[in-house]
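The two complexes that follow have subunit A in common; it is paired with subunit B in the first and with subunit C in the second.
And then the complex of A and B:
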């Protein structure tokens, strides 16, 4: 009995996970269609949204998510009214967007979360919108629809598995949902119900044939879609309706609350990602080839006479397959950045509404894939950069027109993959950075020395410092100066890089460079302090022989070295990391991060390797000049240098050289 | 949990929920009533909830009574019970006739 209970709970939890994923996608679709509706009056959009709301309502009802069922029902009523009438006004769209937000919150709360009448005020608003939609057309609205096509009839055959009732799934709420789509007749097939004495009352022996007049087949399929494992459902159109055997009148109220009860202790869903089938197929093929090669090597090993050529060939093949397997596995972890960017249209819409601005958002390259770990952390920094663009960058329409610009501001987000990194650019055609104001504010706060002349780039970078803001007023949207430094820190922790470009009056562009994968990277092996270290290859600009004559000590300031035509600040990594130096610097490795370059003094430069990055322990993670570790081919451990942390070392931290010469 | 089905001079009162959770207990009670025999009058106006499992159980019981040459007479039924049986396409199979529908508290 205990194992049966456990199994039922497992089935329940799996069903809830499936519903959560599909409802989350549905809510995203709902939101995207609503935003499209603002600029494109298309009756198909309303139909699509109605179907989504209906499916969400059905699923929520099954899991006793009463508040979610109610909100979805109200939204469905609004959309149903607009299916046959005028197009929704902007006010109606805004209320529906509120509804989408409520659904999202309730979905996250799960069964048992949210009091049934928690959103009573929102429900009233939705009901008011629905009533207006059913009445006179809203001002400015245009009719979308002509004659609706005659409803089709569908024959629905439902053949549940024995487990249906034990999985706490009752067909009644689902039949209720179908009854709301049109006229429903239900015939129960009791032919497989055993004699009373043999009956297990928790086992399902019933099946049903239904006839639905009026609902589209895809909506019916969607209603049952998440019950794939418990129910075989077929939906087929039929010609003229046969007279119903038994007619079930549609209920006037919402369906009774759930029949599938999920225990309160079901806990948060397990982390999961969606993986394309072609990636999985490629991985399976590689594994098959690997097993074949492994068999070949085993056979060669057992053979009496050795065949070095065949052995060498098999080993080479093994190496190739292992590398390909690794790539495949990395690709499994990758997901398109659209999963992060798809909330931006809504963000832009809401903020533009609130600020009285007109903004057009363009996203290019949303199919570009990044490692899942990078995706999970890049969302908030991108949101912050976008909010800054909207709040500080894009001017109000009147100001833009006075400046000779179109009234609607343009924000473009471009994502592109280049070898082992992804580049994300957020560009706007707004005011651009006010370098004079930035410098003045920085000097006020002691963040920039009054006497020191700074380039435009250096001034722009001042806004990345903690607490910096030139905003005269703190808005709810931005202006506290709490954000850009966090953005920079997050990007650095991801092994990435941030650069700013701005032209006063024309706009600003923020460029983020991020590694495609955090799990594997190309590293440059170097030697200093008697150990081997790894410098991320993406950070290495060049390597040159150390020449003491090229060192210049700027009195009272930094020690620099001439590399080509450039003076680059020198960094002794041994001093920075607090390890003994052999003081035998033969080479200079010029590294770059966040637009800053440093000349690392190293003893030797080794080969380049693709390495698997290992996280540091909690104690070592506190060393800010280290970002990870890797096991080398000889089994030894090498630490990965955090180039961004080294480059952001303050002037005071930059050590002086013990031997110098003046030019 | 379902409240107990009382045996009352060839009449059986059903009350509370008749669902997958209570079906095993109700099955045992109905099985006991089958052993007693006689025409069965069912009073179901206090049934607060019926689901597919409950409807299946009642069908199996009704069918067994008829197989034994007797019959089931529904004296009363709650609105919830009637509507659910209809929604499941089982009202006629259970014998929930107009007479039963006419008697509602």
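And then the complex of A and C:
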């Protein structure tokens, strides 16, 4: 019997999982449509929302998630009342959004979580909204099953598998749902029930035929859709006895079919699969080894004397194959950034409401793909940057108008992919950064020496230091002073880069650059300390011959070297890493991270390779200034230099004499 | 990297009883002492090859090695348990042990045999007064005619501040930077 119980539990768990996934998508859709409603009156939207709420209600009912069923039912009533085309008010939309939040919470709590009347207050609010919506006399105001549902009859046949009861599914609540759609009659087919002596009461030998008058076929299918594996359900219209009654449809002028297009971002979700990350990592490891083998073979092959042409082409083929394998594996790891950006419209809406500001959010490039690990971690920093823009950047409408700007603040998020990196820009047209205030606060906190004159750029970067905040009161939204430095650190840990641009009075832009893949990168091999190291090619600005005369020692401060028309602080990587320096420095490698440059003194600069990045930190506590390792063609290991760590080692001593030309 | 051939003594060892694998241990030698490591935790034994030194790690961490695509830290077990260092010899091997998904390599003088130990016969370690850390020793027992010190691999790795298995807070990252500032 133990195995039977586990099997039941397994089926039940699987069903619950399916419901959860679909309900979660449904709630997201509801929310997205609600936000669209704010700017666009479209009865088609309301219709879609009604159907979603209905499906969620059905599923929740089957799992006896009573509170969820009740909230969904109320929302359904509200939406139904608005299906006639009357536009929902702002207040109504807000209450519905509350409902969506409640549904999310209840979905997460699962069956058995929370009391059935947990959201009684919300239910009353929803009911009140529904009453108001219905109360206003409208020509041809629909009853619950309005003129959109002609009086067709549907024959529904339900043939469940034997497992139905064992999977803890009770069909009766579903029949109740159907009964709410119209007139329902149910007939049970007991022809397959065995004699009592042989009856196993846990097996389902029943089937049902139902007749439903007045419900749309697709809603019925939606109700049973998620029970696919356990029931065969067929729904067929019965030929109507009389021609369909064409009741007057006052909303005809709104039902113009040409208009019923939803915006590009809200179509049905693309098919997706869940992939276990450890399987992918194993695949990446294998591929890494394969690439190493391939380069070894490649070298051997070139040396061999026999039939070089054949060997050469075989090796070329191998190379092509491994590259394609690598690309496919990398693509498995990527997902569009829209999955992260999806929650932003809601966030902006809520914050704007709360702060009494008007904000328009534009998102460009949400289909751009990023590595999953990056996606998982980029959400919070982006939210923080967005909140900063809304809280500190965008001015209240009156102030904006006084400044000659449109009353609604504009925030634009642009995501674009370049050859090996993704660039995310968050731009607002708000007040911009107040350099005087920033400088004063920084000096107050001892984050900047009082005597030194700093460029605007340098002053802007002061806000990235830990413990900084110019908020006069720490608002609950932002300004706690723990934000920007954590954002910077997260971006750095992802191998990326953050830059700020701001013009007082006009607005601010934050630019994030992130590597396209954490698993593979273009590396520049360098030699110092008698060993080979790797510097990410994206961080290399230039490489020049070392000339002792170009070094300037600034009194008491930093050593800088003149590179072109710029003075760049010098860094000896051997000293920084604590290893012995073996040879004379011949070359200077200028690297850049987070808008800062350093001149590394190296012995040799080697070739550039595409390398497979191996993580160090899984096994070892975080190692300073090294961000990973890679296997070179000869099988040896080389470590990857963490350029951001090198560049920010002396963050608080910004170099004095940089004549920076903006990139 | 080649795998080590079985230690000569293994050829004359008594055949291993087909018992529960959780009672089987690999014996490794450090100077005159035998240490036992649970066999289930042993992933691989390789002839010693110098790992790639990793700057900024304590002296007992010799570096990292590439074990089938995964970067694994390699620790000198002698130094880790506080014994004086010895040059590596012909029989020196690296034993790769794992705790869950985490791996580490232990450099030992030799790997000898696989023994079956009775859990009830493992005595708690005596008080050792010369400051040697014994938190990773499960106990002491006898295998055949030899005294064997049984190691708790999880505790050994967990207690190592250089390894991520430790519970040392990562906020030392900030102080690491300031203390390792190189002179420009």
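Keep in mind that, in the parts below, the second predicted complex is superposed on the first by the 498 of 663 C-alpha atoms of A that agree within 3 Å, B and C clash if a C-alpha of one lies under 4 Å from a C-alpha of the other, contacts with A are read in each partner's own complex, and residues count from 1 in each chain.
We adopt the following convention: a residue touches a chain if its C-beta (ideal position, glycine included) is under 8 Å from a C-beta of that chain, and two chains touch if they have at least 3 such contacts.
Keep in mind it's a predicted model, so treat the numbers as computed, not measured.
In the superposed model, A:64 lies in contact with neither subunit B nor subunit C. Legend: residue contacts after superposition of the two complexes on their common chain; A:201 is shown touching subunit B, with no touch to subunit C.
Once the two complexes are laid over each other on the shared chain, residue contacts for A:35 go to neither subunit B nor subunit C. Contact with subunit B, but none with subunit C, is seen for A:164 once the two complexes are overlaid on the shared chain. By the touch criterion stated above, A:559 is placed in contact with subunit C alone, subunit B being left untouched.
When the two complexes are overlaid on their common chain A, residue A:378 makes contact with neither subunit B nor subunit C. No residue of subunit A lies at the contact with subunit B in one complex and also at the contact with subunit C in the other. Of all residues in subunit A, only 164-166, 168, 170-172, 175-176, 179, 185-188, 190, 193-197, 199, 201-202, 204-206, 208, 210, 245-249, 251, 256, 259 touch subunit B in the complex they form. Residues 19-20, 23-24, 26-27, 30-31, 34, 49, 51-53, 55-57, 59-61, 63-64, 67, 80, 83-84, 86-93 of subunit B touch subunit A in their complex. Listed in rising order, the residues of subunit C touching subunit A in the complex are 52, 54-57, 61, 64-66, 68-73, 101-104, 161-164, 166, 168, 170, 172-173, 176-177, 180-184. Touching subunit C in their complex are the following residues of subunit A: 285-286, 288-289, 558-559, 569-579, 614-626, 629, 631, 635-639, 645, 649-650.
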